[in-house]
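Sharing a structure with you now.
Chain naming follows the written order as A, B and C, and within any one chain the residues start at number 1.
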Amino acid sequence: METKIPFLEVSDAIVMSGAETLYWCMQCGLCSGSCPWRLVPGEASEQFNIRLVQRMGQLGLEGFESENCLFACTTCRTCVDRCPRGVDIIGNVRGMRSMLAEVGTIPGSLKPIVGSLHSQGNPWSGTPEKRTEWTEGLNIPIFSPDTEYFLFVCCTSCYDIRSRKIAKSVAKALESAGVSFGIIGNEESCCGESIRKVGDEALFQKLAESNINLYNGKGVKKIIVTSPHCLYSFKNEYPELGGNWEVYHYTEILADALKAGKISPVGDSVGPVALHDPCYLGRHNDIYDQPRQIIESLPGAELKELSRNRKNSLCCGGGGGRVWMETKAGERFAELRISEALDAGAATLVTACPYCITMLEDSCNVMGKSGELKVMDLSELLVEKL
Amino acid sequence: MGDEDQKILVVGGGISGITAAIEAAETGANVVIVEKNPYLGGRVAQLNQYFPKLCPPTCGLEINFRRIKNNPRISFFTQSEVISMTGQPGDYQVKIQVNPRYVNDNCTGCGKCAEVCEATIPSTLNYGMDSVKAAYLPLGMAYPFKYVIAEEIIGTEQAKKCAEACHYGAIDLEMKPETVTLQVGAIIWATGWDPYEVEKVDYLGFGRFPNVLTSVMFERLASFNGPTGGKFLRPSDGKEVKTVAFVQCAGSRDDNHLPYCSGVCCLASLKHSTYIRERVPDSKAFIYYIDVRAMGKYEDFYTKVQKDENVSLIKGKIARVSEDTDSGGLLVEGEDITAGARVSQVVDLVVLAVGMTPGTARIKPELDMAYDDFGFVTGSGPSGIIPAGCVKAPMEVAASVQDSTAAALKAIQVARRR
Amino acid sequence: MDQNIGVYLCSGCGIGDAIDIEALPAVGEELGVSRIVSHDCFCGPEGAKIIKDDLASGDVNCVVLGACSGRVKSEVFDFDLMNTIVERVNLREHVVWCQPAGNEDTQAMAEDYLRMGIIRVQKSTLPTPYLEALDKTILVVGGGVAGMQAALDAALAGYSVKLVEKETELGGHMLKWFKNTPTIPPYHDIENINLSSTVDEIKNHQNIELFTGAEIEKIGGAPGMFDVTLQNGAGAFKVGSIVLAAGWKPYDATKLGSLGFGQFPDVVTNVQIEEMAKSGSLACPSDGSAPSVVAFIQCAGSRDQDHLPYCSAVCCRVSLKQAMYFKEQNEETKVIIFYKDMRTPEQSEEFYKQVQKSGVIFVKTDTSKISITEGSEHKLAIEAMDELLGEPIQMEVDMAVLATGMQPAVIDNPILNLEYRQGPALPELKYGFPDSHFVCFPYETRRTGIYTAGCVRQPMTAGRATNDGTGAALKAIQCVELSSQGKAVHPRAGDMSYPELFIQRCTQCKRCTEECPFGMYNEDIKGTPLPHPTRCRRCAICMGSCPERIISFNNYSVDMIGSMIKSVSVPDEYEEKPRIIGMICENDAFPAVDMVGLNKMQYPPWVRFIPLRCLGSINLVWIADALSKGIDGIVLFGCKFGDDYQCHFIQGSELADTRMSKIKETLDRLVLESDRIRLEQISIDDYYRIPQILEEFTARLEELGPNPYKGF
């Protein structure tokens, strides 16, 4: 075994890059044992040990840089919630990734994403003009000082063809509920949540600054988001940069509307429905009840809880930038989720996050289960019954 | 020392309380103990053996009970609790409630009531792992050596049957809670500890899987007067236990649960591994730890257990316990840090080394002492009440006894008229 | 006193159903007892009144109560033991609850027990306590935190105290410390040390006489009457009991070769760090520069079979504290702690967490394998296997601090210089620490009236040592109080009997002076034992050791037990009813036999149990008495012996075992099978084994056939 020489200057730099709790870790191994990568086979599962990665960080050692090691972390927050020392493990991952981003040693698959965000303000290489293409055929209002809520649609649901359905259904549902909302449009930029997790702090700052100036300039006070990732960023990361708004996930608004009787779903029975709690809606933002309330309001709904639910929910595999990286079939968390949904006896698997939809639907197709299980965003299922 | 001194009240009749009481009384003080259980001895009366000598607690309890019996300066109330207190050092008035035992001093311990009683209640002694007759002697070594009629059968035919069976008029079904006021000069608070509610550490499976036990339950399982007569049987199906995983820091050293270290659990689990290894020859024990904390001379005990090749000590906090359908046992998962490997171990039984929470986290005396955030007593505060034992910090038996001996002197200083 | 024995036979709890109570008075009458009463519940108000009235009238002054075990109902049968001799004959647990009812063998058993009980009373006298040990002054040796607290707390309880400290100032090690580990919530910050208030309080307390710069030349005498002489004529005085709080010394770091202490000036010990920090500058000794990288090596000597096998308990916390010294001096300083296990028990886990948050780096490794070598630019190079990384690492540091362990101050100096036949020091438990072997009784030492406190007892923090001083002071006070009343201390607290020697018949064999676990006997020049009754714990091991049988107690003697054995009825060999005498420890085996009864387990009716104070009090003549009378077998139940002994008199059961191995040789010569004697180690929890042991023993005796001495 080769003797390693710790570089404590490097660990200092990691701490400066955001890994503020790096030294709080006592190396108990609960994080690595709790990591969803332990549930699947494959390279990332073998190479990525979050405890060991932090250990290397503590000593300023190299060797964790690959896509299947440090960049395997989906920032699902299971370990953070459990950590006995209160270590901000995601912050530490972000700090270590930042160190690499600064010297440009991020995984190749992420480079086009970064490029697109720089040039277009979104990760999907779409031009700003196409940002509102999803509104075609709909009468989506434009945000004005009289509008109560600014509806911020996740870049994924603006550009990805499948995901646009989510944007549409959310908008339709809000409209049915009589919510006063509007979009700003082409000037909007990506919230930057995932790129910050990837480690590109400068890019995040740039995106955030642009959004904050835009929204404040438009007089935004309240925001509805379609994605829990945007929710996280706007709610938890923007305030210290000057973005202070009330931010809601659409499920919160629609659950309230249901309670207030502003919408009442009708129609054929939806049958057995399972809910996948998105990491960023649940563990990151503590929203568990509202999606369930919406499901239970649907005609004939039979809520089938997955074996891992609420705070023990299993990640779809798409957070922390993984949505842009390739995970081999047979090694995906989403596959486990599909099986769990089938085991639970669900005919429909709903969730409330565009990343989760992408990951789950893909796995459902690859597994050949799309005939047995329908993957839908909760807004889509709701809108069918309005 | 003499009879002009004021009485010392000791609240709690576990090893700390009885030690404080006896040590003070043998020094010449008059002492009264208030204990909530129907017997003295507290948690140690539920232990199979002590580390590091692997000696039975009954030995020391027998000596201590004899010291109490021989010493007219000690009196006690069982099934009792403090309900109010006023005053200051040198002059306290304490009200206690004595709950009915439904058995009076005429009880000879003959056991006729239990013979005829058909009703059963869950055994609190055995943490609900089995049932006992509703007319029962709390344990063989019970002191006082008197039966108890369970509250649950009062007003039923069963209770009447028990009363009729007693030749000595010892069963009084009309007993009511009584309030007694004590005038004392000093108070020692020794209400001990409670096991952490480890079902809150949900990934460890306690409360969901019958084969996940707490360390205190494992003591009972190992005891010859326990629910299985000292046999290691899997709760789910009664199969003999061959493999046990001991999960350390089940709640302790965890900001989400008990941020402090419970001090005794490492040694307790090392001890538990000897229980199973001694009685089941082809057994294996796996101890999963963060750090093994065997302070001072206890290191020798750790060294001794390490020599048994069928006891594996693995550095790594357990992250998941789930049922293993093939074996009917449990799958324990986590990281084996020093081996650079995963833990994926199927065992018959999982024993969680539950942390200690101070009795004062649950019930604090009416007069103020000083506490830390965890509920441990850090000082007498304005009340002048003297804390002793595990209400101050997690302690093993020897440390509790040491601390209680010190508390006895502090109490004597106060109780002695100035 | 003229004995007037009353025999009270209880028929309650099934006793009357199982045995013929009407037939028992004959046993008493045989032995000259005239007052024999039976009742169906002596523990009830009516029954108890019968006995109390008899005592009050003066018609009876000795009570033989044939009823339940003496371990129960003591609150009812609480007779005045200064004026009454009491014997509880255990007809319930030891006879009717473990034998078939209405059987002649059960009846014979009850009769034998009653006979033995009456004889025990007839061979007893009232206590005449030893009332000559009246000094209640407490001597505290050592003026560190433990000793100071012991002195102060004894003084505050109203006792005169002599406090002897070898240095010129009070305070011990702590005097040299910079700061203390956190003791107050939230346990995050190291704390300033304030010794002066305690020191001033001691100096100003009227009950405390302080001797600084003083050491003990010798201590003679016994509890309640110790004679203390200080060196160099600094004083001589009497005290009643002693607290030894002599503290600890650091393990010699020069013995830790691979760590470079003595070789590299920048390798220092944790003791030196305190001194440096207190002087205001943590600098590399080599050049006086402030270190930018500092390593701590934990378990430097501790937890190491080649050095100190035990854990010194405080070093983890001390290193955390000292790491904070460096961080407080300059927060940029890098601190790396190499450890085996971080041992921060209880609330000190919070401090560990806090030190982690300050950026200290922790490396888990087997520190005994670390070697410190010369690095570049006069730095120190440390190579260690990082078990968290799974790979070896090498670091260069400016300074290395060895967390050296603790040894007791008595490791190479007895300090007390006791004038005891068994030596000048307190006997050690292990590794030089004169600590208690008992979990339940941590203040027990093998020298009565001398209690240890603080780090001389076991490694501990300053906070715990302070508290330990208080506890030891309590024990010391308790000892003088009990001694002055002629009462024994633990474990037979309150016992007023003590050994009396018929010295004219002593042959100076020295067995008693050697075997007493507590060093009770000194010797004169000829080797004649000189008893010191207040040193005695009343175990009667000396009585058992004496071949001339000259040692006895007012209520326990060789003659008494011998007579009890001889009183057992032995059927002749044709009846095929063997007899077994069971001599058993009264603290553990006796309650175990009670438990057999309580659980209604049965065993052969041939055995007669006699409780002994300690199995070590067994005298070989009892074996001879039994066998010559035709008793077929003898079982001895004592406590576990060996490293983890459970005997509360230290060696009692082991000594009994040694004696039995000797008598077996004698038996072989008499052509009596040595299998007729069996010794078992029995704890209370072993009760379930007792029936089986007795069954097996009986079966073996059947194979051997009847004792040929029957009828002689």
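The rule we apply is simple: contacts are C-beta pairs under 8 Å (C-beta built on N, C-alpha and C of every residue); 3 or more make two chains touch, one makes a residue touch a chain.
These numbers were taken from a predicted model, which means no experiment stands behind them.
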- prompt: Comparing centres built from CA atoms, which chain ends up most distant from chain A?
  reply: C
Centre-most chain [mean C-alpha coordinates]: B
Message: Using Cα averages as centroids, what's the distance between chain B and chain C in whole Å?
response: 23
Message: Roughly how far is chain A from chain B, centre to centre by C-alpha average, rounded to an integer in Å?
response: 47
- request: Please compute the C-alpha centroid of chain A, do the same for chain C, then give the distance between them in whole Å.
  value: 65
- prompt: For chain C, which residues are shared contacts with two or more other chains?
  reply: 342, 353, 364, 388, 390
Statement: By the touch definition above, chain A meets two or more other chains at residues 26-27, 85
Query: What residues in chain B touch two or more of the other chains?
result: 253, 315, 337
- prompt: Touching chain A in the complex: which residues of chain C?
  reply: 293, 334, 342, 352-353, 356-362, 364, 383, 386, 388-395
Message: Give the list of chain A residues in touch with chain C in this complex.
response: 1-6, 8, 11, 15, 23-27, 52, 55-56, 58-59, 61, 85
- prompt: Taking the complex as given, what residues does chain C use to touch chain B?
  reply: 12-14, 40-41, 43-44, 68, 71-76, 78, 153-154, 156-158, 184-187, 303, 309-313, 341-350, 353, 364, 387-388, 390, 429-431, 433, 435-443, 458-460, 464, 467-468, 470-471, 473-475, 477-478, 481-482, 489-491, 493-494, 587-588, 591, 595, 598-599, 639-640, 644, 646, 648, 683-685, 688
Query: Given the complex with chain A, which residues does chain B contribute to the contact?
result: 202-203, 249, 253-257, 290, 315-320, 333-335, 337, 342-343
Message: List the residues on chain B that touch chain C in their complex, please.
response: 1, 15, 23-24, 26-28, 48, 50, 52-67, 69-72, 105-106, 108-110, 140-141, 144-145, 167-168, 223-224, 253, 259-263, 291-300, 303, 315, 337-338, 340, 372-374, 376, 378, 393-395, 397-399, 401-403, 405-406, 408-410, 412-413, 416
